[in-house]
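Paired with chain B in one complex and with chain C in the other, chain A is shared by the two complexes that follow.
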Partner chain A sequence: MLKQVYVNKSVLEAARERIAYIFDEFENIIVSISGGKDSTVLAHLALKEANRRGRRIGLFFLDEEVVYESTIEQVDYLMNLYPQNTIKLWLQIEFNLTNATSLTEPYLRCWEAGKHKIWMRPKRKDAIHHPSWDRESEVILNKDIGLDFYAVLKNFQLTRHNTAFLVGLRATESPNRWRAVSKNPGYKDIFWSTAMENGNVSFYPLYDWNFHDIWKYIYDEKLRYSKIYDYMYKKGLGLSEIRVSSLIHEKSFKALVELPEFEPKTYDRLLRRVKGISVGNLYGKESKMLQVSKLPKNFKSWRHYRDFLLETYPDQTKKEIFVRRFEKHLDNEYVARQQCRQLVLNDYENNLPVDNKPDPRIERLKYWQEVL
Partner chain B sequence: MIRIGLSDAEKRDIVQRYIQNHGITNVYAFSWESFHVSFDVDVPIEYYGYKDIIEYKPFYHLLEVIDERSLLVFNECMRTQNRSDLTYNCAHHYCNQTPHKIVFETFPFIEDKDDFMILLDFLDKGKYKGKSFDWSFLHDEDVRAKPRRIIAESIDVGHTAKALQEYEKKKVQLLDGLGNSDPDTIPRNLHVFVGRYKAAHILPGLEYVARNDRFKLPNVTTYKHVERRDYIVIDFPHRRLDFNDFLKTTGMRRVQFLNTGLKVDQHYFRELQHWIGRLEEFYAKASLCE
Partner chain C sequence: MRRYETDAGVFEVPDFPVIQTKKGQVKLPVMCPILVPRHLVVANNYNPNHVPDNNMQLLLESIVSNGFTFAVVTVYDEERRCFVIVDGFHRNTIFGERWLDADIIPIIVLEQTMAERMAATVQFNRARGVHQVELMAELVRALVEQGLTDEEISTRLGMEPEEVFRLKQITGIAELFKNQIYSRSWEMVEVDEHV
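And then the complex of A and B:
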């Protein structure tokens, strides 16, 4: 738990001051938006400041294609809130997204040329359809997947110089990430920032906002927000589960279980677009399937199940990635269950890292052996 | 306010007085189904079972009707140690809409003092969110406790050398055959196993309680079917919450346990003694006695 120290200033006042400071210091400002609640607030605060100063700022949205329709409506709303102050940077380019729901189609190439008939929706006329960087010197972060989400962000940022990128990261939502980015000041003595190449800097003006601060601002300013939040809230999802993101990667595929109920048309289009969607829908929350929390009955142990999954893994190249990774792990049931999860969810990128430690169940067993 | 250890009559009295003193116009009472209390009040009252708290129909209805003159009563609603449980989260939505909340519990916690935060969350979730238990919180809020003291006594029935041999054999068998099952099933199964050495000590004319109906005796009942009277415990339920419910339902203050002296019996009996110790510590340190 992060320790919070209260000062005699509201988070809203502080955020306004931070944004004003960024406007004072930087000529070029770009706000990254996702259609979620945090970036909605951040974009609104920045746009108001831009409007007050008669300046224009970029709103950057990397369109993953397979997202909620409500997300698209929200981004559209933000891009048109202050049109005179907005530079639309809506990227609809080809890149690869992990697909956790299918082993035969391990990733989706979103906006893939030639597949426009099955795209989730047509490309927008006001969007950017081609990479604005030199493809020869394009940065690839993970050679196994090629140009992925983070690589696109990296390449886009490299096209800019001396630019402030505003990101809606909040410390309470992601303490680990916050610790990682705030270790050192990224710009002058500002700890809520990270330095990047070309004199670019990422700033996090909402870093000290809590969940309730975000919703209060949205309410007070009468802002529109993604309908998905209402659906999820009504459905009784926990606060940490309520999020808008891609629908198919290993951390968000559970959204597929509720998708037909929330957005039937999006689900219908998704079925035609990507393999494995109905698997995600049917088994996204099944303990013996994609949750990988219970051992299927025909296996003696998690290790047995892991070996079977490895043996039958359809993609030889990806299989090697898993084999190499698992060789470094401890050989126990606790670790093997997590390895099974990686295999079932096709997580060759290691986004769901394995907690590599002795099996706590063995410790419990030892305890009972002593006590009984 | 939080009130610990009150009888149904005392709970009714508190609710009545609260309504009179605070200009309450409506009461919404939530109870664990087995411990329902009817309140005789002059304002409209709606009753909800614990399981209703998360249901769509009552949830949206309650969000619409609860206002700052409503009184919410949570009666024996501490049903899980998970502070972030969905039922608690839904209840907090109701609690946010009125300053008037009364929380009744027989015991201040399920297992240990940290559970008390669940009751404080009912009063003000925002204030206690993410905080661990601290004794000072008891004095920051209107908390009173009427200690319900429990005494644990062992009726030693002993065991033979053969019983010990069989016990050890069973233990090894359970450990070897565990497979992927939860290790906690071992003490549960062993505890039931040693019941066979207690059968000869079940006396007619006395009432007993066991985990299941395996003794087939008219004076041995299961935890599900206990009534308000004294029982001698043959074996304990594994979950503390189930035993607390047993104490609440029967009203027992003195727990007598048929103890073979085998390690598993000693373990369960020792756990009960530790729980009683924590309870006494809470009463002593909290200094909230009426």
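And then the complex of A and C:
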């Protein structure tokens, strides 16, 4: 059985040793960065080691176009911290993003050719503008959406061999993902790694770091960090709610409410770029519209509301995805409310899966009826 | 009667009429608007309110169909001999080149100090619109520098004391963690279940 055992080292010492080990073992190293706090710390630790050894490492950023300006500024900062030790892998290529803010534009093709006039910002000279892999044999993970974020990552990784990919995953922040990746060692006996194709391996050198360790490191090293964190703090919002990535994802509705205040220019550009944005802004925090916790007045039941939403769903092909999925579900109010949420959020990708089980309220009722 | 000298001539504003209320006398500047050339009306440099483009379009449509129902609220700047906007920045913008391109605009002229002027802008904006946090923090700092206490700031700007406190912390979130110590590291180790 695997057990968590404390050792007599700080997380910082341990992370430095882990990174040194990866440098000993691998000639090619690429750090994935998002502009967030964790990958900022990871990139800095790796860059310092590269600098000490006089080596160059890749910094990989997959640019989703519809992101905070502060995220872009942060990535730009990291890419230019140790220029002599950095290989810039800033990808600005066309791929599809789920667009939870609009029913008529269910996904958005970022960096779409011909739409350069309404892009959030122009492409950068120092970025990679075209896929470096063979389009004919490209991997597609989800047929409905086509080339998406994870498919781009996969195709990019397949262009590399015997490369260590460093990722800022932390066990306390994403316990489920951590459990999944740490089940089997991905390289030799290193449990904080996962094996991939072509001898590539993902490593998670910050796995045991806590929230405060990340911020302490940023403070001690006087690193720049995305302004979004300060904005959120000044507003008194929970720091765990902050995502620095795509602004139109199912999970970023809350961020959309605050966007006009944080980055008015980004919001203006987003309005021009994506249909449905002002709905997200007006209703992101309103329970009825997009969080779907209260049944609208004119419907008798969640099932009734679900049928209405399905009937009026504007996109026929996406509608079939929902119908097929819902056919496999139980028919009760608990499930129906979640189905409504998927329909309202346009979640045909099943990012917020339906918990398909008997209605807990009915079950409790049954229990008491039996007891009494 | 007040007189304001500008490069486009002298403008006179009668004394504001007053009405009696249970809070005492209330002035009615709304009764004394004046028409001035638009170039005399300038934006303030501290208004932290921003209106997205789609809402500007709405404002334009409303003005075209209903007429201009609220004068732009200003104070007179003696040094620059012009009128600085306290409320109505976006209404004034609508009168500008990009939208209506009008020559003159109706304004109301208040008489206030600099600190009062800033506070007035925020009071006008709080009810609607949103404030950019960073500019709001700048505004609070400016008021602190003018000697206002936290309490005065919070009542004048209509903010919770906690919000004033947060806005005063211009240092940022990383600062909060400086005195922490790093956590102890841990590993996953294979152990015998029977032990």
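Definition applied: the second predicted complex is superposed on the first by the 356 of 372 C-alpha atoms of A that agree within 3 Å, B and C clash if a C-alpha of one lies under 4 Å from a C-alpha of the other, contacts with A are read in each partner's own complex, and residues count from 1 in each chain.
Assume contacts are C-beta pairs under 8 Å (C-beta built on N, C-alpha and C of every residue); 3 or more make two chains touch, one makes a residue touch a chain.
Worth saying up front: this structure is predicted, and the values here are computed from it rather than measured.
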### Message
Just checking: does A:230 make contact with chain B only, chain C only, both, or neither of them? Give me first, second, both or neither.
### Response
second
### Query
In the superposed arrangement, does A:213 touch chain B (first), chain C (second), both or neither?
second
### Message
So in the superposed three-chain picture, is A:204 touching just chain B, just chain C, both, or none of them (first/second/both/neither)?
### Response
neither
### Task
Could you say whether A:149 touches chain B, chain C, both of them, or neither, answering first, second, both or neither?
neither
### Task
Have a look at where A:365 lands relative to chain B and chain C in the superposition and call it first, second, both or neither.
first
### Task
Kindly classify A:333 by the partners it touches after superposition: chain B alone (first), chain C alone (second), both, or neither?
first
### Task
Give one of first, second, both or neither to describe whether A:9 is in contact with chain B, with chain C, with both, or with none.
second
### Task
Decide which partner touches more residues of chain A, taking chain B and chain C as the two options.
C
### Message
Quick one: is A:182 in contact with chain B, with chain C, with both, or with neither? Answer first, second, both or neither.
### Response
second
### Message
One more residue to check, A:26. First (chain B), second (chain C), both or neither?
### Response
neither
## Note on the structure
chain A residues contacting chain B in one complex and chain C in the other 1, 212, 234, 236, 239
### chain A partner contacts - residues on chain C that touch it in the complex
50, 52-54, 130-134, 137, 162-163, 166-167, 169, 172-178, 180-193
### Message
Show me the residue ranges of chain A that touch chain B in the complex, using the header's touch definition.
### Response
1, 212, 234, 236, 238-239, 295, 300-302, 333, 361, 364-365, 367-369, 371-372
### Query
Where on chain A is chain C touching in the complex?
1-14, 182, 191-192, 208-210, 212-213, 215-216, 218-220, 223, 225, 229-231, 233-236, 239, 260-262, 264, 267-268, 271-272, 278
## Note on the structure
Counting only contacts in the complex, chain B reaches chain A at residues 54, 56, 84, 86, 89-90, 126, 130, 171, 175, 178-180, 183-184, 186-187, 190, 263-264, 267
